[in-house]
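The structures considered in this document are given below.
Look for chain A in each of the two complexes below; its partner is chain B in the first and chain C in the second.
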Partner chain A sequence: MRQGLIRDLTLGLLGLALLLVLPAVFPHPSLRDFLIYVIAYGLLAMSLNLLVGLTGLVSFGHAAYFATGAYIFGLLMQSGSVSIPLAMLAALAGTALLALVIGAICVRLKEIYFSFITLAFQMFIHSIILTWVDLTGGDQGLRGGIPRPPFLGIDLGQPGTLYIFCAVVFVLCLLLMRQVWQSPFGYTLRMIRDNPTRASFLGVNVVRMKLGVFVLAGTMASMAGIIMALFVSGAFPEFGFWTTSGEAIFMIMLGGTQVFLGPVIGAFLLQLLNHYVTIYTHHHGLVLGILILAIVLGLRRGVADYVADWISERRRAAAPLGREEGAETAPPTPPAARKMVG
Partner chain B sequence: MNLDVLAGCMTTAACAVTQVSTGLIVGMLLFLVASGLSLIFGVLGVVNFAHGVFYMLGAYFAFVTYEQTGSFLLALLAGASGAGLAGIVFERFFMSRVYGQDLLMQLLVCYAAILICDDLVKIIFGADYKLMGMPESFATAPVELAGGFIPGYYIFMLAMALGVGAALWLGINRTRLGKIIRALAINPQMVGALGINTRLLYAGVFGLGCLLAGLAGALAAPVRTLTPGMGLSVLIESFIVTVIGGMGSIPGALIAAILIGLTRAFGAIGFPLFVDGLMFALMGLVLILRPSGLLGAKVS
Partner chain C sequence: MFKSAKQVGRRALLAGAATGAAVLASPRIAGAQAKVIRVGMPTILSGRVAILGTSSRYAVQYAFARINEAGGLGGRTLQLVERDSKGRPDEAAKVTRDLINNDGCEIIIDGEASSGAFAVHEVVRELPVLCIHTNSETSSLTADPKLRIATAFRCARQGIHDAVAGGVYASAISKQRGLKRWMTCSPDYAYGRDNTAEFLEFARMYDPSIEVVDQVWPRLFAPDYTENITKALQVRPQAMYSALWGGDLVSFIEQSNLYRLFANIALFSSSLGDPPVLTAIKQLPPGLHTAYRYNRNYPEKPSNTAFADGFTGVAKHEPTNWAWQNYVACQFIAEALKRTGGRTEGAALAAELKGMAIQSPLAVEEVLTLRDSDHTLIGYPTAWGRTVPKAPFVEDFATTPWSRILEMETQWKRQKGYA
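Our next item is the complex of A and B:
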């Protein structure tokens, strides 16, 4: 455990160094913007994967917490009476409370019911944002910019400082999620995913565990929303629209659910794709939809999972015949085989 | 919040009649969409997240047919059958490939279908709002009942939806084909072993569910604005209806749809900003008291 922690910390520091060095090596403002998008959406997808990949809860309404974080943070900053760290904490706490209330209803439901109840709650949040015009600005979003007063000598008004701040927060969140991923709690969640009946026979309070990870995932998603709000200096109803949740699911799918950093890779790939698709066509949905169909029906699993399976296949084929039986473990089963619907 | 206005409306016959009729219309449209969703889930065990697409397609097909031919009957037929055919195509080529797979895959196929269809509708019909207008045969004076006015078209919609609902219930519970479909829901291998083409049946049931959504879209076309993406709010509301009524139960869907329709109609007077909130509160209440819905079978 301790060794794992040291390794994770080292990798985290290396990742942070990479994030900080990249814009310095290629001093192009659009690269920094691109990376901040990857950071915000990557964090959203990572937090969603705590539910999808780790616990087997396919939430289709995760963007609700992304939007809630962004709006609470933006509103508090616009009120002008709190500092950035305080507003962040308040936004995280507020979203955690919301996730607790919604989660308490949702986690009792299974599989498909869970998916669409979360979707329904997200649309509820979205409709509140749209109708409560006095507070949220309705479909125009929070306009007038979000002030970024300096705190503790850090001035987030500087684009460079803002980027460093976001990168540090991002890596801290990843380390936290990595801890959860490797903790006994994380392994309990895997057991719930693979066999909830057995988990509850072993004395695990399944509902409470699911609620715990639901709140954690919601809070992490709100951190992603805060980063997004800080960067675009506003909050918009699209943050909480169902397409944002759909994109987050697609990022996980692109990156794979079983590799810890998979969703970040997925976020990177999707941002890259979005970047090029929007250059060539307005019909962004059409291209994205066809691509999703091609991947889902062609590969039948996430891209990273596919690559991982392919590599292990190759390794098995290359292994000497005699050693094959004992030395190799069973071929990795795709997540598809695990859960049957209907 | 205007509780006085709400109380005033509920006690005057004229206002109450108008609101009840509005509520019933909303409820009937939801019932058609939700019963299709429920049917597909009950038999195939998958939730068609793309169900709203077929509602939208039904509305657009009806709109185009009505513009070309001027016959509302043909428009209804085109809307319903067009959506049904599109449903069969979607089932055969895409959905059937992810049966029994991870929920994530089914969700993504539906997500892709929504993205593609919304964009296709935008390309073919344009992104602007479309109005079909009331067909001439229904442009008659509204019926007066206890001081309230009910448009003739509302009565037609009500009769149509109830008729279709009754036919569906009778078809599933009283005919030979219905018996096979019910058996298919319980034990598809056995049905297949008895020499019945289950693939064809799956496609047929999926198509029927989509046909119901398309019919709802076509019926809604004269009284709603048509936009790409119009299916989404209907999808969410019909999800709520199926959750309240119980997945797979058609009578449950009817009760829940009327409940939601009336909640919307009266909520719009009492709490105009919190109509959606009311629906969710209702759903939350049902989920806490009866997790499987009002008439749903126990979720295992």
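Our next item is the complex of A and C:
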């Protein structure tokens, strides 16, 4: 466990170093902007994968927490009464509370019923954003920009500083989610995903476990929303629309559910495709659809899952016969997850 | 063989490096010589409201082609670089940043509607190039002093101007024909509700006898309006106001035709006057009242007809409301560039644009002006007319004097705390 933690921390630091070095090597503002966009949507997809890949709960309404984080943060900053860290903490706490209330109702349902009730709550929150015009600005969004006063000598008004801040927050969130992924709690969630009845017989409080990961996923999505609000200097109802949740599910399907960083890879690929396809054609929906269809039907799983399985099979094939049975290989993609991505 | 390869290798390396450097450098040299001014346009080019973006793009392409054919601006030509935001504000912000940072655009024509325009506005606050919003009709974008940015302007109609003109027109008709019982049918979102409230406010200000007997709010992009139509048949109002637009308005009118709804009810529409909407309706009832969106016969000027013909030649359809707004924005940009001698710094162009007045096919009085105080367009057509079955489908335009609109706008700004 401790060894794993040290390995994760080392990898996290290397990842952070890579994120910080990239804009220094290629000092182009558009690269920085692109990476912030990937960070925000990657974090949203990663948080959703705590539900989808780890627990087997396919939420169609995850963008509700993305929007909630963005709006609470934006409103607090526009009030001018709090600093950025305090507004961030309040947004995270507020979203966690909302996820707790919604989750307490949703996690009692299973499969498609769970998916639809999460979608219903998302549309409810989206409607509140649209109709509470005095507070949220309605369909125009939060107008007037989000102030970024310096705190502790950090000025997020500087694009370079904003990028570094987003990269650090992103890596910290990934490390936190990685610990959950590898913890006994994470393995309990896998057991619930694969066989909730058995987990219940073994004394696991299934509802409480699901609620715990639901709140954590909502809070992480909120962080993604805060990053997006900082980047675009606003919050918009589209953040909480079902298409944003759909996009996060797309990213997971593209990247994979079983490799920890699969959703980030999916977010990167989708944003990269989106960026270049949009430049060359306005029929980007068609092009993206065909590409994603080819990946999903051709590989029958996300790109990262496919590569992980391929490496695993190569290792197994290369291992001497005597060692094959005891060899430490990555577990095959569980049937439930295969069903979902296929 | 070996010797030859070795000799070639050394020389080839040097020659290759020199050629490579020349090839790599050539686009920059060529770019510098051509002195192209790149103008970026974030807009909606896909989805249900793609015509907003496509007609805006055609208008700018048409305007730039004319400017470039006439020799450009001090030897510099204009080039449009457009990007699809897909109607998403965060995407609008991202593509605007890309257009400025990556594509080297020195000016932004913001072809976004609604919230996208506010997202672009915030980008321009950080990256202060000249930005002209061409499609957002939300008054607060330029009216609210808290949102104001030195290098951002609006070259588009706006809600408050239309509300005053609509109120004046509707109240005159209601007094003349005794239309007391009114109903509204507008889309259920902020624009639909705000637009309807402002129209009624001004209509009742000029004719206090107007009574609103019912209001229905179909959801945006609803395919079926039967429920709303039967409600109108039950309530039997004398007049109806609708802020429905685009395909929704087409569906509403075609479904209303089945019930002969407008045989006894006078319809006042904020958006029917857009040529694509008018041509999409298979049986356009005569005598419906609509705000001006665009018409090749109004303002009645040869230059307006020439614009309509030129645009139609490029786009293969009549100009839209968005088309003329973007065309006029290009006229302002060209004039500002002329005055700065081709300099594209945001502050320099903004200094020229503040209060600039130009002759334009779309000016209803003498000129179109980008008002100094709030960087917004005034003097454009706000008239209302009546539908006829033959192209261009709207005639008898009744104009509200701009002096009256501006007077009411000032009062409205005071009420809102903007002035």
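Definition applied: the second predicted complex is superposed on the first by the 288 of 342 C-alpha atoms of A that agree within 3 Å, B and C clash if a C-alpha of one lies under 4 Å from a C-alpha of the other, contacts with A are read in each partner's own complex, and residues count from 1 in each chain.
Assume contacts are C-beta pairs under 8 Å (C-beta built on N, C-alpha and C of every residue); 3 or more make two chains touch, one makes a residue touch a chain.
Owing to the predicted nature of the structure, the values given are computational and were not obtained by experimental measurement.
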Which superposed partner A:Phe236 touches (first chain B, second chain C, both, neither): second
First, second, both or neither for A:Gly285, with chain B first and chain C second: both
First, second, both or neither for A:Arg300, with chain B first and chain C second: first
Touching partner for A:Ile105 - first (chain B), second (chain C), both, neither: first
Contacts of A:Val213 with chain B and chain C, given as first, second, both or neither: neither
Touching partner for A:Ile249 - first (chain B), second (chain C), both, neither: first
Touching partner for A:Leu162 - first (chain B), second (chain C), both, neither: neither
First, second, both or neither for A:Ile265, with chain B first and chain C second: neither
Greater chain A contact set [chain C / chain B]: B
Footprint overlap on chain A, where chain B in one structure and chain C in the other make contact: 283-285
Touch list for chain B against partner chain A, complex: 41, 44-47, 49, 94, 97-109, 111-116, 118-120, 122-123, 232-233, 236, 239-240, 243, 247, 273, 276-277, 280, 283-284, 287-288, 291, 299
Chain C-facing residues of chain A, complex: 28-30, 33, 37, 130, 133, 138-141, 143-145, 159, 228, 231-234, 236-239, 275, 278-279, 282-285
In the complex with chain A, residue positions of chain C that touch it: 45-46, 50, 83-84, 86-90, 93-95, 97-98, 101-102, 114-115, 118-119, 122-123, 125-126, 138, 140, 144, 146-147, 189-191
Footprint of chain B on chain A - complex, ascending: 52, 58, 60, 105, 108-113, 115-117, 119-121, 123-124, 127-128, 131-132, 242-243, 246, 249-250, 252-253, 257, 283-286, 288-290, 292-293, 296-297, 300-301, 334-336, 338-342
